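Consider the two complexes below, in which subunit A is the common component and subunit B and subunit C are the respective partners.
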Partner chain A sequence: MNVMSAPPRSDAPIRRPGRSRSRAELVIDAVLLLAVLAAIVLALTTHRFATVANAKAILTSASLVGIAALGLTLITIGGSAVSLAISPSVAAVGMIFLSAQSFGLVPALALAVLCGILITGVQGAIVGYAAANPVVLTIAASFAITGIATGVSGGSTVSPTGGGYDRLNATPGGVALSVYVLIGLALIVQWTLRRTGFGRSLYLIGENRRAARAAGLPVGRTTAVAWLAAGALFAVTAAFTAAFNTSANVNLGGTLTFDAIAAVLAGGTPIAGGRGSALRTLAGAVLIAAASDILLLRGSSTGVQILVKGVIVLVVVVLVHLRTEGSRA
Partner chain B sequence: MIHSDLIRRLPASMKLAAALAVVLLVTAACGGGSSSGGGDTAGAAGLEGKTVNFVGYGKDNPWGAYFNGVFVPKLESQGVKVVDLTTMDPGTAVTNFNQAISNKPDLIVAALLDTSSTVVPIKKAKQAGIPVLVFDGRPDPSVDADVMQVLSDSEALGTAAAQNLVEGLKAQGRNSGNLIAITGTKSGFAAQDRMKGFDAELAKTPEYKVVDIQDGNWDPTLSGKIATQLFAKYGCSGIQGAYGMADYQALPIVAAAKQAGCPVGGKTGLVVTGSNCFKVGIDAIKAGTLYGTATEDPGTIAEQTADYVIRYFNQQNPPAKELVKEERVTAENVAQFAEQCSKA
Partner chain C sequence: MKPPSFRRPEASLPVAALVLTIIAFVLIPTYTDTALSSFDVYNTLQIFARLGLLTLALGLTMIAGEFDLSVVGTYALGGMLTVQAGQQHWAWGLLAALGAGAAVGLLQGGLIARLKIPSMPVTLATYIALLGLTSALSGGLTKTYANVTVTLWVDQPVLTYFSPRSLITLGLFAAAAAVLSLSRWGRELRAIGGDRRAGRVAGVRVDRLIVGTFAASGVLSALGGSLLSFSLGSANPDPGVQPLIVAAAAALLGGVSLAGGRGHPLGLLGGILAVALLAEIVAVAAVPQYVSQLFFAGLLGIIVVIDAPDLHSALVRQRTRLRPSHHPRTSI
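So, the complex of A and B:
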């Protein structure tokens, strides 16, 4: 059988024909349904939640994290777990983007994407070809990137050298440009994962790297390409973030690494790889943004918002795990 | 016999580690009681040959990078040896502080990333007879009397922010208005002291009301997200003024307001003020999107801290606590502060 012609794995658990749902699965689904209903009731009873302005705010909040999370989705599906170097990569690329504004918006954007591809692609090549542990490697990479960015910039904040960046803050149709870009990129990534040989290979490698290698799949190249694409997406996040903040320094990425991981996991993509989708990650990013929004509208502190984000991720991870185990039983 | 057998069976790496631990313990025990390198006074007058252990902010922080670039060369030019123990990690800062104590310098100059975790090191330094100078943010009240201090005047910075907002709103002809504040880390003294000054100043004009205070954690991206949600919550007509505790927090508020379709600045738009002036803040004041800011620039406090150290070593008995004079900056005087505020 030609492995490349194997159908992609579904997001849903594998179900044997005619097999009835186990009691555990039914309980999990019931819990999930109740949680969703509770969230809907909570949202609808929150003053000003169900307004157009608030919907725009949620999408805008989700957009920057969401674009980076799309990149991380590629890494996670391919079985490389996570990258812990997203924040420093975004910071470094954001600084490059603003300092290149004197060349104009498009060249600065192209340079940023190129640098993003380079920074993350090198890590991907090491993970793909040398089978390096991605967590350990990206911890080391984050220190290296921060060190180099600090050394080159002298630790100072980079201000834009031109005004072109402000076009990224545009709001066509009253919605932030970053929201359109997020939706467009999510569709492209989803199509790539589902409809191309690269996407199918990535799922298979994520599911079982050893079997994929035995089947003759280009494990190293596919993993490296996934990281290259992730680097490009991190660079897009960097450009939008730097444009929004009007300045950039080594702290630009903030908590983006963990926010992106949270979005991917909240979307139900398992950390072990081999499953998941871009649209799930999009849903995860919007879910977390909506939860933070509800809490803010209800007057909860930032600390409570962070706590709830953690609880959402934990619950989804446990449910995904239980459902997977249940479907295998 | 049992012990010698046991030792023989240990792997070489374990033996090496045990020997190293014994050496370190003996060294620590022998050195612990001595305090010959430091003292409550500056010792002999003059700076030549004096050693300062500098547990300041790391270079990866723009404010810290500029501070260090002014402070260290100024002391070194006077013959002081400065040992760099800077970091932006609170845990590492405590380790570095302890390292500084064991180095027995003539003075430890420290920025307190975490006031609670530095209480014990400050007490240890006092016991060892090593003087400590804290700069920028104040220490925990329990050790306030144990250190010398050159502090940013956080309350004055909060007062300046309130004055900027009230002045800006009055200039628009608004006799009342709703304000939001996005702060630095709320649990830190800097944010608490600034809000103290901010609230006290606003209490003079109760017609301008703070409707929401959120913790932006000194994070520009988080501040922008919070602002986006607040503009959705209150609408453009529900917020007339906004305080971002640093310029890099105020500018994302401006961007969020624009994306929400709210006018900024001018005769009817949102009035936004920052603090901790940065170049981008100065540019925004010139462009009319930021009404004002306040200083707390790293260059001024670095100069004053270095000057304090020089006076201390020259036995000029500087006061135990000095506040850095902070200035309010608006379009009226922006040219005067443009250079000073463009360093970080």
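So, the complex of A and C:
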């Protein structure tokens, strides 16, 4: 579908350069600034928000979604829109991780990452080499993964075959291990995107696939590698999620697919690709976790938290779009 | 738009899917111990009624080259409003649902058309927000609908095979087909889906058409949710992603292209009927759920790979290399 994978619409009206553009940008910046100020005031007036314990809680809840969202960032920047198969991949890899615990923690982790790479990498190869529509392909993949996982496990819940997984639940320095992993991986992904040839070609492919091909870039291979890396990151999320739940079934992924997409979009990475960064995604994940936390502390229901998450994503999508269109014209 | 010739994929795909599933359906007694009864046909049409409007809603936006992920959110909200506002009289619930659907559609269509934002992120955000809103309205609980008369009415058998619910759904498909075939909207919808710029140059009022399409999509999904709530006598705040996936599969089987600009409501009807028949076969033959999931996955996978542009051009290149006299353009 052209809207999902194509470069920005070519029918955008030609904007007059100069004053009108900068005024539009000023308005957007003012709106953003007011929103941030309002959020800070709301946060500080919320009882128990500005405490160390609460900051840890926000980071912990952001970490699992954040790691998966880093993987999705690679997919989105490379111009393949989104994967809708994150939850089932995480569930399947989580089940593999727990059932491989008898081999020890490190082999189980290696196996999980390998399976994650394989599951998502196959989809990436089809998207990269054949330019298949990623959204529909991953819808099909989510069916296939859930179907196979249900068939193999007989629909039952997998229990760990060893205790090694519990080391992933460690809290060095009082902060969950997954938070350190999230920050470390975010820095690695950011460095890869900005400083390596792979990262730079990924941006170009996302910005303009045809131009990238004309320039002789290996479009198929670069896209496939981005998905492989995403699969590895999904597998890390899966290991942490499975270790946290101490059991895994086909529903382990929960709403992770949409949470990860929300984090990427809330960070300001446009879905059309070619822009964005790992640090933005990190900020998006923390923003959503913080907003949910404020609402939770103020006693709002789960429904209201999800509603606000959707509204945040919508507002950021609109603002980012207006800004990029403004600066592009 | 005229109903397309049978050579073209938008007609051949749904016809092939429908014929295959009908054959498989008729042959049920040969591979299971159960004989077919008129109830199986009735039941197929009930499955069709459950997902038909969702498919039509999603399919219409896909013809226009957009993708409305929020249909399931509107579906859930419509169902919940029907139950919560319609406890006194069913009409109030229905009105609330349709009004909300129209409002959601107008808002999304307005944003997408005026600001020229891709529809995926917008409708995804709306989808999340609508699920949250539905859950907030119901406190996250399934709400029951006390008006048993309505529940009995929508599902009573009519002419053995039909129910008011499936007849309403069929009627809306027929209405959509008539409107798009007889007015210029059908042509215009495909024009902006195929090439938006060319459509605009040809004098199509693109913005209005997009807003209208999303409004229609919102109303249809909300009505689908309403009918489901009437039928079940309850509303569930979270229908999951399954309805969206099945509706997308049905729309693609119905001959809608992922690139937009192709498709017809009658094709969509064929696609969703094929999916409903398949679901009924799975139910009658007592095949495990995961097998039917794998089947859908395979089906969608094949469609998406066949539709993949780079694969297509690689094949065309291959063919032109083998037969130099062949002109590549004619093979598309």
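Everything below uses one rule, namely that the second predicted complex is superposed on the first by the 307 of 329 C-alpha atoms of A that agree within 3 Å, B and C clash if a C-alpha of one lies under 4 Å from a C-alpha of the other, contacts with A are read in each partner's own complex, and residues count from 1 in each chain.
Everything below uses one rule, namely that a residue touches a chain if its C-beta (ideal position, glycine included) is under 8 Å from a C-beta of that chain, and two chains touch if they have at least 3 such contacts.
Since this is a predicted model, take the numbers as computed values, not measurements.
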Fit or clash - subunit C, subunit B, common subunit A = clash
Request  = Name the contact category of A:Ala132: first (subunit B only), second (subunit C only), both, or neither.
outcome  = second
Key: Per-residue contact with subunit A, leading partner among subunit C and subunit B   = C
Ask   = Where does A:Tyr203 make contact in the superposed view: on subunit B (first), on subunit C (second), on both, or on neither?
value = neither
Ask   = If you stack the two complexes on chain A, which partner ends up touching A:Thr150: first (subunit B), second (subunit C), both, or neither?
value = both
Inquiry  = Going by the contact rule set out at the top, does A:Val304 touch subunit B (first), subunit C (second), both, or neither?
reply    = second
Note = Of the listed subunit B stretches (117-125, 225-233, 243-251 or 261-269), the one clashing with subunit C is 117-125
Remark   = Dual-contact residues of subunit A (subunit B, subunit C) 146, 150, 155, 301-303
Query = Contact residues on subunit C for subunit A in the complex?
reply = 62, 65-67, 111, 115-122, 124-140, 196-197, 200, 206, 237, 241, 245, 248-249, 252, 258-260, 288-291, 293-294, 296-301, 303-305, 307-311, 314
Inquiry  = Under the stated contact criterion, what part of subunit A meets subunit B in this complex?
reply    = 48, 51, 53-54, 56-58, 60-61, 64, 146, 150, 154-157, 159, 169, 171, 174, 176, 241, 244-247, 249-256, 292-293, 296-297, 301-303
Key: Touch list for subunit B against partner subunit A, complex   = 58-62, 64-66, 69, 186, 214-217, 219-222, 224-226, 228-233, 235, 248, 251-252, 254-255, 258-261, 278-280, 283-284, 343-344
Key: subunit A residues within the subunit C interface of the complex   = 1-4, 9-12, 81-82, 84, 126, 129-133, 135-137, 139-144, 146-148, 150-151, 155, 220, 257-258, 261-262, 265, 270-272, 301-311, 313-314, 317-318, 321-322, 325
